[in-house]
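Two complexes are shown next, each including subunit A; its partner changes from subunit B in the first to subunit C in the second.
Up next, the complex of A and B:
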């Protein structure tokens, strides 16, 4: 099992006379500090609505991840697939601290170490209902006990 | 305005059905999403030989509450080492508000950034040198005061 990630960032005109072409080698994402491949993932497509509650948790809490699955090397991809209005965006952050705006059409990819339950991923829809795709790699989620 | 395109390709065979994510975007301004970003702090490379935390993005150089993007890559090869990456006013990057994650050797990240608080990093090792690449694609740079 292998999970790989590659990025390219290009611009012919951001820096006149010097075309930008960032294209580092493909990286194989592994468990923290070792060469073992990631072996868990959690993904979905969800509508994020404006209003009560204003902030939503995306993904598990640290205590909802088994053993050493948290505080290590998890990776989160989110794409805002909203097409209704290009000014809509998702405010994203850690716990209650918002870090950036993921506008309609934008994607992001970050490492996330989920050090504790106060390091959860939070998102908030701004402008209107936003639709996002997400994929969290290496989320060893503990399934709830059946009733 | 400039045209800046970013593409992520993430492939995984964790599941029995292979997953390939192909994310493409053109970086645009918050006030007008049809207009491309046109400023940058430049691509920087920094060598770290200690675990002392450092600010790599100073928020007061950027306009607040905008659609900046930050690219960061651990350009070292050793998967045993990493950088803490945090969104924090002070230099601390580990175990603080708000540590985002650990960027291991070869890992990269691209995140939207509002420009309201500094971005900080701290190397996990003082015995091995680690190299960090980073670049801000800015939705407004504040001119330095004389």
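Up next, the complex of A and C:
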């Protein structure tokens, strides 16, 4: 499963006399330390509500991944599709550490290694229901045992 | 005030039978401090690249090394994620917690930029 990612960051007016144009080469997303392609892709659109529970987990826990597969590179894309004002946003973080806020139309892309169950991706809706789209590329996730 | 335009493109011909090929962009207002594209040599010791004096910001990180991984951590002691060789990240950051970087080994170079909204 060869998946590639590329980012560009431009600005015509950030620095006078020098247009910003960050454009690194295309990156092929692979398993950690090797050139093997990733196995799985999970994607979807989720309505994130406020209230109980306030924090939601996105993606599997380390113990839900097979063998050593948890401590490898996964890649996560999230976009907040809300069109509401700045009182609506998604807090995102890793475990109990809130790192940033995705306002209307904002997106993020990070590599993510679930080193243990305390490294899970958490999201929380603020202001009201926010709808996100997400895509997670990883490998060897096993489904939890049914109750 | 300046406009920052980040664009992400994800492509795959075989992730699923539904061809993956999308591009997402945004238009961000940058009104405060900026750390322009910078490149620093890392060691296995912490290097603070994002101090808590920043407010709401956007962070770009790229590991320019061909082999060595770079660890990114939040300064409250929680690990965040690892940039393998060549990998990048772009994410919003509140500035309430600092960002540090250190190498898994050796002295790889980290390219980074911070844009405060």
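Quick note on the criterion: the second predicted complex is superposed on the first by the 138 of 147 C-alpha atoms of A that agree within 3 Å, B and C clash if a C-alpha of one lies under 4 Å from a C-alpha of the other, contacts with A are read in each partner's own complex, and residues count from 1 in each chain.
One rule holds in what follows: contacts are C-beta pairs under 8 Å (C-beta built on N, C-alpha and C of every residue); 3 or more make two chains touch, one makes a residue touch a chain.
Note that the structure is predicted; figures quoted are calculated from it, not measured.
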- Clash or fit (per the criteria above) of subunit B with subunit C on subunit A: clash
- Task: Go through the superposed model and pick first if A:87 touches only subunit B, second if only subunit C, both, or neither.
- Result: first
- First (subunit B), second (subunit C), both or neither: which does A:20 touch? both
- Task: Please tell me which partner, subunit B or subunit C, touches more residues of subunit A.
- Result: B
- Message: Which partner chains sit in contact with A:6 here, subunit B, subunit C, both or neither? Use first/second/both/neither.
- Response: both
- Note on the structure: Interface residues of subunit A shared by subunit B and subunit C, listed 1-15, 20, 22, 24-25, 27, 30, 32-33, 41, 73, 77, 79, 92, 94-95, 97-103, 105-113, 115, 119, 135, 137
- Query: For subunit C, which residues are in contact with subunit A within the complex?
  - Reply: 2-16, 20, 24, 26, 28, 30, 34, 36-37, 56, 60, 62, 69, 74, 76, 78-84, 86-94, 96-97, 111, 113, 115
- The residues of subunit A that touch subunit C in their complex are 1-15, 20, 22, 24-25, 27, 30, 32-33, 41, 73, 77, 79, 92, 94-103, 105-113, 115, 119, 135, 137
- Which part of subunit A faces subunit B closely enough to touch in the complex? 1-15, 20, 22, 24-25, 27-30, 32-35, 37-41, 43, 72-74, 77, 79, 86-87, 89, 92-95, 97-113, 115, 119, 135, 137
- Sites on subunit B touched by subunit A in the complex: 2-15, 19, 21, 23-28, 30, 33-34, 37-38, 40, 42-43, 66-68, 71, 73, 75, 79-80, 82, 85, 87, 95, 97-104, 106-114, 117, 133, 135, 137
